[in-house]
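Order of writing sets the chain letters: A, B and C. Residues in each chain are counted from 1.
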């Protein structure tokens, strides 16, 4: 037990640095994928076929590609095209590009859950497009989007660990450093697990709370 | 019925994939880079020409590792796969290089046909754990002998002495030695001795240290100008420089002494003594020299056998 | 799509004209984007024969095939084990006895919260720490099984719970025991509702085998890195990763088509009272599985 605690206290700076970067990656990529994903979602429900096709292609390509490959492509292949991205921005970008495909799907299926009759009734009342969107469709769609969106972000938080293979010092990179220092890996990994539980638990609690609060009978 | 159709479609897809794998035989010959460097011809693996006949009688008792090798009829050796002229695997899966041949030499002395060797690619960071866990019988792959590692495993050798150096782009003029690394991005393999030295001596800032699993990834990043120098033992760097002499060069001011040893299980003293004796024999009878000249020696610098350090 | 969606009315002549203009502009933008990418490829010599040449050789194709088979092997074993794990823990979570329910809930929730990479590290480093050799394949398979098995357990449980109460109440009323109710009444109906979500999770599992490269399991991405890192061929990372991506997308796409086909087939022969698992839990029939 003392040994177990020692692993954390002796390597505290590594752990705190690692998890700080994990949180940073998570926050930046969350904002990025929310913006890009919503944009793609808007494309997929737009009345313009070209935009719909582009959105669909993007989603299907990214969703069927391992995130690890997205990382590898950005770090090893893209520089060959004379486009230089540093490691941390590359990690942000990889997480954003990948996660936004899933955000897009949440947005699209959220909007599709709203019954057509709702908007038809609103239009019959003479509401404009923006009024229909702002007062009728989005308030209903957002409710059904929140829980799956939270799932996507929880998954993204866990996915940040993949950056470890691409020269970003985040929580997933800690085991390799510890192997160098000769620390017992079981304790090392247990502390990382605890760290992730601390980060994820509030998100899960929030998700369950919102799920209950936003539940609607349809 | 429907399930059958899906199964048939899957089968056909698999067959199509297999059928697609009918290409030209032989090894692709690299064009452009690497010509005229005197290195092993690009990706074609060329061995030194030394032959290793398995010993018919092995005088080794009290070694649990050897007993395991004997009863299994094969030996599992940890190696590197991406270091030209040292530990390399070519497109046809053939392995070659100095370390590989040393591994084969030892295997033959343990009575195992070099053809029966099972190679395992172990990244630098996992070497001690792999030896301790018995995943491999021994490790030959630019493995520096250090006191810290001796806590976990044992070393036979050294069988080669290298020094840490820097690989830079050909047009690089600012980096001339280890003192000039400040503010430059330096790349090396995760968990390797060289990157620990850079960190310990503070040769560059902590956030300028870049680590990947293998040196080839570092070399790729160097050519892409994402890092400014790759640091590790000169033997490894010369192998790369020889492969692309138009874009890369080795600075040529070694700032350490790395003694390459053969990593063995810590408690197996009988095996260690035996391997040391075999290394000594190969130093004396010219086998070592033949292996060196046919592999690492091609990158230009001569070498002679080091002095063994038995303990 | 000529039908009105929730967002837009059927377009009139003016809206049609406007949409056509936006369409042309966006096509131009997309073509421009692709053109720029192709130009960069061309300008940096990615289309040079030297970089692609080696893929014509059987030796290199065999390498790729070996990597692909290693990926399929890990995914195949992990799929079977994860389905078993999921079934076992879903059954435990549905049990009436808290002594089964509580630990199963704990295990499922825990493994869903740990990053898969960390689970794989547990499988890889910890046995080594105790002097116990483990094959990399199994380290990867253990990680994949624990994570995806836990997710599948949740899918199974939700699927069973999605069958309307009347079904089980009716079954209990005619004197069936819990075992019979689940086996004969709930499962057959739930399976149809769950299939798309299950297949989607299996796509996730297949993609996640790519994490094996970090512990140097020789799967497709690892092989790609080896081929791409050959200095003698001008570091052909770009062509190699493009080829690897196509293989992944084709394989996962095939599975996605299977999911879509299963879903369609269920829609046709609807002998179940259980709704296909709702968007709320699994997104577009599980396609938000990430």
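Quick note on the criterion: a residue touches a chain if its C-beta (ideal position, glycine included) is under 8 Å from a C-beta of that chain, and two chains touch if they have at least 3 such contacts.
The UniProt protein names, listed by chain, are A = Amino acid ABC transporter membrane protein 1, PAAT family; B = Amino acid ABC transporter substrate-binding protein, PAAT family; C = Amino acid ABC transporter membrane protein 2, PAAT family.
Given the structure is predicted, the values throughout are model-derived calculations rather than measurements.
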Graph class of chain-chain contacts, one of line, ring, star, complete, other: complete
Chain-chain pair with the highest tally of contacting C-beta pairs: A-C
Distance-maximising chain from chain A - centres being C-alpha averages: B
Gap in Å, rounded to a whole number, between the CA centres of chain C and chain A: 16
Separation of mean Cα positions, chain C and chain B [Å, integer]: 36
Centre distance in Å when chain A and chain B are each reduced to the mean of their C-alpha atoms: 39
In chain C, residues with contacts to at least two other chains: 125, 128-129, 214, 225, 228, 235, 237
Multi-partner residues of chain B (at least 2 other chains): 126, 129, 213, 217, 220
Junction residues of chain A - those touching two or more other chains: 76, 80, 165, 179, 185
Of chain C, residues touching chain B in the complex: 50, 53-65, 68, 125, 127-129, 131-134, 214, 216, 218, 225-235, 237, 254, 258, 261, 265
Touching residues (chain side chain C, partner chain A) in the complex: 1, 4-9, 11, 15, 19, 22-23, 26-27, 30, 40-41, 43-44, 46, 110, 113-118, 121-122, 125-126, 128-129, 203, 207-211, 213-214, 221, 224-225, 228, 235, 237-238, 241-242, 244-245, 248-249, 252-253, 256, 279-284, 287-288, 290
Residues on chain B engaged by chain C in the complex (per definition of touch): 2, 6, 10, 13, 17-18, 20-28, 30-34, 42-43, 81-82, 84, 89, 91-93, 121-123, 126, 129-130, 132-135, 213-214, 216-217, 219-220, 223, 240, 243-244
Complex contacts: residues of chain A adjacent to chain B: 76, 79-80, 84, 86-87, 165-167, 176, 179-180, 182, 185
Chain C partner contacts - residues on chain A that touch it in the complex: 45, 47-52, 54, 60-61, 63-69, 72-73, 76-77, 80-83, 99, 102, 105-106, 108-116, 118-120, 123, 129, 132-133, 137, 144, 147-148, 151-152, 155-156, 158-162, 164-165, 171-172, 175, 179, 184-186, 189, 192-193, 196-197, 200-201, 204, 211
